[in-house]
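Presented sequentially are two complexes of chain A, the first with chain B as partner and the second with chain C.
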Partner chain A sequence: MLLSVRDLQTHLHLKRGVLRAVDGISFDVAEGETLGLVGESGSGKTLTGLSLLRLLPKGSGRIVGGSIKLDGQELTTLSESALARDIRGRKIAMIMQDPMTSLNPVFSIGDQVGSPLRNHDIARGAALRSAVVDVLQRVRLPSPADRLGDYPHQFSGGQRQRIVAAMAIGCTPRLLVADEPTTALDVTIQVQIINLLRTIQADTGAGIILITHDLGVAASLCRRIAVMYAGQIIETGPVRAIYRTPSHPYTKALLAAIPRLGAKRTRLVAIAGQPPSLIDPPSGCRFAARCTQRMDKCAEAPPTVTLSDGHSAACWKLV
Partner chain B sequence: MTAMLELADLTKHYRTKHGVVRAVESVSLRVEPRTTMALVGESGCGKTTIAKMILQLEQPTSGAIRFEGQDIATMDRAALRAYRRQVMAVFQDPYSSLNPRLRVGTIIAEPVLAHERKSRAELAKIVAEVLDVVGMPANAARLYPHEFSGGQRQRIAIARALALRPRLMVLDEPVSALDVSIRAQILNLLADIQTEFGLTYLIISHDLALVEHFSSDVAVVYLGSLSEAGPTEQVFATPQHPYTQALLAAVPLPDPDHVLSEAAAMGEIASAMNPPPGCRFHPRCPHAMDICRTTPPVLTGAPHAAACYLPPHALRDAC
Partner chain C sequence: MSGFFTRRLIQGVISIIGASMIIFVISRLSGDPILMLLPNDAPASMIEETRRNLGLDKPLWVQYLIFAQNALVGDFGNSYRWKMPALKLILDRLPATIELALSGLLFSVAVAVPVGVMSAVHRGGWIDRIGRVFAMLGQAMPAFWVGLLLILVFAIKLNWLPAFGHGSWAQLVLPAISLGWYPVAAQTRIVRSAMLDVLDSDHIRLSRALGTPERLIIWKYALRNAAVPLLTMLGVYFAAMLGGAFVVETIFAWPGVGRTVVEAVFSRDFPVVQAGVLFTSILFVMSNLLVDLSYGLVDPRIRHGR
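Here is the complex of A and B:
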């Protein structure tokens, strides 16, 4: 297995208390596979991605338990210097949501796309320049050789996201973490970036973790989906199982709450209330307070029930 | 019947040091009472500029905005005051549209105080009433915006817009900053108050599924001009403009068996500073002909209109 995460717990130590942002999640990503981490803001999906790279908020964020194995190598016990040298940007790279803030406005794009290659001693001098041009060509930036000296503001939003992708794939990482890579983009540009991620994967065989709140984008890119709610994975399975036979009441409710193009117009089924605070989360099922099928038993933490091959959900209804 | 709102050849140009930005170019639209008109298009297409002109946050370069038949440019002070209390807005981000230093009760009472003399008790009654309409407890009035979640803040913004019982509401991306599970709550609320108070909506959104679900009429804006307009059902069922078709084809559906059209993955929006001659969409259009490159097409057809030289049936066959 390319990536194996077991019982990962990441806490944020805030003034108000300890926020259990990621609370015991487990998942695998195989080579060449795309896993969608789907959930709402605050569900812990971004902090899961940042935990893999150990890019947690300085001072407050800490991995307090569990294991992260990349190609069998344990990452949670690796020293910061070894992680920076061998893993971050080299074997695991990240594409952030907003290309405007993930690019530095005062450095040329040639400089920025080249920096991971320089830092990891992959290329220097003329070889570096041609490697940068090559990777910008792979993300289909028009006439890259002429634009190495240009700055981020001289590009459109879609082009900037291509440049961010180029930075991420320069060192041919084994795993790409794409955090809402299309959210800041218009739909016609979104399709281009979705296609780009597919091409990158076909070319490099990298595993991809797609972090998104958009069930449409997840369906179009992912082979498997893990649905997160309040710091936990509440349902996981092959993409078809999740969309055709969703089993956790939260997954069902989420799919019923979005308007669908071409569907008959009916009143949307809203999910009442809001997610619980993760500083002092409920001890039982975290969705129970909003669940229409709540039972007495839901005051206890639900077991994870296997429904079919690779499809499981944590709900008392399924026991 | 007089339209609630009519835009006639509405145009807005901005002079900048680099040249003239043609943000809105000769847009004509009718919004009938108690209907919902949606403006859709990519970022930078001018849809928000149109809304700003209606709200008098921008002055049109030329053209007219008529509210119940009366041109707002020729209204006297009293008529303008009356206009302003009948037209309200709800903005995208409830984190920036509510003053963090004011209590919710004060926020909601502000527009009322701007227009009417009211005693403290009368104001409190109005605030309690609108809070109830939007599904918030009366004691929310004493709290500050930061004490509420995003969805609750958007309810407060809606309550503020409702306080003067307006007739027309401009909704600028009213749910795009909210989480999926909260969006449905707010959309249902907006639908309910529209029926209850007989409101007319002008909604701006880039989310086509939402627009199909929520609006009765739709206008597709491309680089400041209308490329297609008509009853939502007709436009979505038989889109006539290649741009509308591309937009619809680009929407990723929450269905793993839906294949995103590659045809949608074309080029990027041109600059409004130097819009292409002829049809502004022609550089991205797969069906562009010679005439499209020289002479802008006119929006024709009723009630379903499109600005395209291709006859609708030819387009259907081509796709």
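Here is the complex of A and C:
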């Protein structure tokens, strides 16, 4: 297995208390596989991604338990310098949400795309230049050789996301964490970036973790999806299974909340209520307070039930 | 860019003209130079004649027009006191003033950038705290007092550096520090807050995520962003240095424009005052123009007119 996360717990130590942002999640990503990490804002999906790179908010964020293994190597105990040298940008790379702010405005894109290659001693001098041109070609940036000296503001949003992708794949990482890579883009550009991620995966065989709140984007790119709610994975399975037979009430509600063109209903369906505070979360099912099928048992933590091959959900209804 | 530059150039010329008018009027409010040029018992006819010779009998606006007309071709008249062209008097002393102002600026930046950067990186740490104390001290101490203190400690007590004069490196150190001391505080604060902003930005987060060494993140990728607001202020600080130079030059007997103009004011030597102030304002405008141009070097968005 390329990536193996077991019982990961990431806490944020805030003034108000300890926020259990990621509370005991486990998942695997195989080589060449794309896993969709789906959830609403605050569900802990971004902090899960940042935990993999151990890039948590300075001072407050801490991994307090669990294990993260990449190709069998434990990352939670690795030293900061080893992480920067061998993991970040080298084996695990990240694409962030907003291409308008992800690039440094005062450095040329040639410098920025070359930076990971230089830092990880992959190429220098003339070889570096041709490596940069090559990787920009792979992300389909038009005439890259002429544009190395250009600055981020001279590119469109979609082009910038391609440049960010080029920075990420420069060192052919084993795993790509894409945090909402399409959210800030126009719909037509979103399709291009999704296709780009597909191409990158076909080229490099990297595993991809796609973090998104958009079930449509997840469905178009992923083979498997893990649905996160309040710091936990509440349902996971192949895309088909999740869409055809969603089993957790939250997943059902989430799918029902997607507005459909041509549907009779004119009112938008929303899930009533708010996710619980993760500073002092309920001991039972975290969705219980908003769940329409709540039972007395839900006051206890629900077991994870395997429904079919690779499809499981954590809910008392399924027992 | 060229439109922007032209606009700034025109603004600069207007500022210089304005400064020349103000100094023209103000210097004449300070009193009558004739009384200082002639002996106390000079006959009225002699006073009248001198006044006529110097052109001081004409209405103020006529005097200004004559001055402006001559100034355009580089003629600022002769010093009443030294009987030599005022322009030459000022130009001879200008390099010393620029040398002092630049050294002061260099000192302040050389202190402010590392202290500001480290304060931001170790926010709330001991560098941040010590930096803040120094910053406060700097702003609480006027240049003349810093100058006297430096002379007392380093020239008199320790005898490490000369207390006055001009010519050697050693003589430059104390004046440059007294001049550059004051703006260190403000500059440190600018660098610190700009660095804090940048270090919290998405592109720095991405740099970290891609394994860029922290040293490069701070001193290369973040600092160039943080340099823009500092550069913006450098023109203002250079101008402040030119102003502060009047005081520091006097304390350290530095043969610059400032001291010359101060002396000229006391002796109501109008041509020298006018030439001195005019050149200082030209320097001021030019330094601001240079700063405007240098943004483009640091920030490509400005270079491309965005």
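We take it that the second predicted complex is superposed on the first by the 311 of 319 C-alpha atoms of A that agree within 3 Å, B and C clash if a C-alpha of one lies under 4 Å from a C-alpha of the other, contacts with A are read in each partner's own complex, and residues count from 1 in each chain.
As a working rule, a residue touches a chain if its C-beta (ideal position, glycine included) is under 8 Å from a C-beta of that chain, and two chains touch if they have at least 3 such contacts.
Note that the structure is predicted; figures quoted are calculated from it, not measured.
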{"item": "Room on chain A for both chain B and chain C (clash or fit)", "value": "fit"}
{"item": "Partner chain in contact with A:Val319 - chain B first, chain C second, else both or neither", "value": "neither"}
{"item": "Contacts of A:Ser156 with chain B and chain C, given as first, second, both or neither", "value": "first"}
{"item": "Touched chain A residues, chain B compared with chain C", "value": "B"}
{"item": "Which superposed partner A:Pro105 touches (first chain B, second chain C, both, neither)", "value": "second"}
{"item": "Contacts of A:Ala126 with chain B and chain C, given as first, second, both or neither", "value": "neither"}
{"item": "Minimal inter-chain CA distance - chain C and chain B, angstrom", "value": "8"}
{"item": "Overlap of the chain B and chain C footprints on chain A, listed as residue numbers", "value": "none"}
{"item": "Chain B residues within the chain A interface of the complex", "value": "42-43, 149, 151, 179-185, 187-188, 191, 206-210, 212-214, 236, 246-248, 250-258, 260-262, 264-266, 268-269"}
{"item": "Residues on chain C engaged by chain A in the complex (per definition of touch)", "value": "201-214, 216, 221, 224-225, 228, 298-301, 304, 306"}
{"item": "For the chain A and chain C complex, residues of the former touching the latter", "value": "53, 55, 83-85, 87-90, 93-94, 96-98, 101-108, 115-116, 119-120, 151, 153-154, 164, 167-168"}
{"item": "Contact set on chain A toward chain B in their complex", "value": "40-41, 156-159, 186-192, 194-195, 213-220, 239-240, 243, 253-255, 257-262, 265, 267-272, 274, 290"}
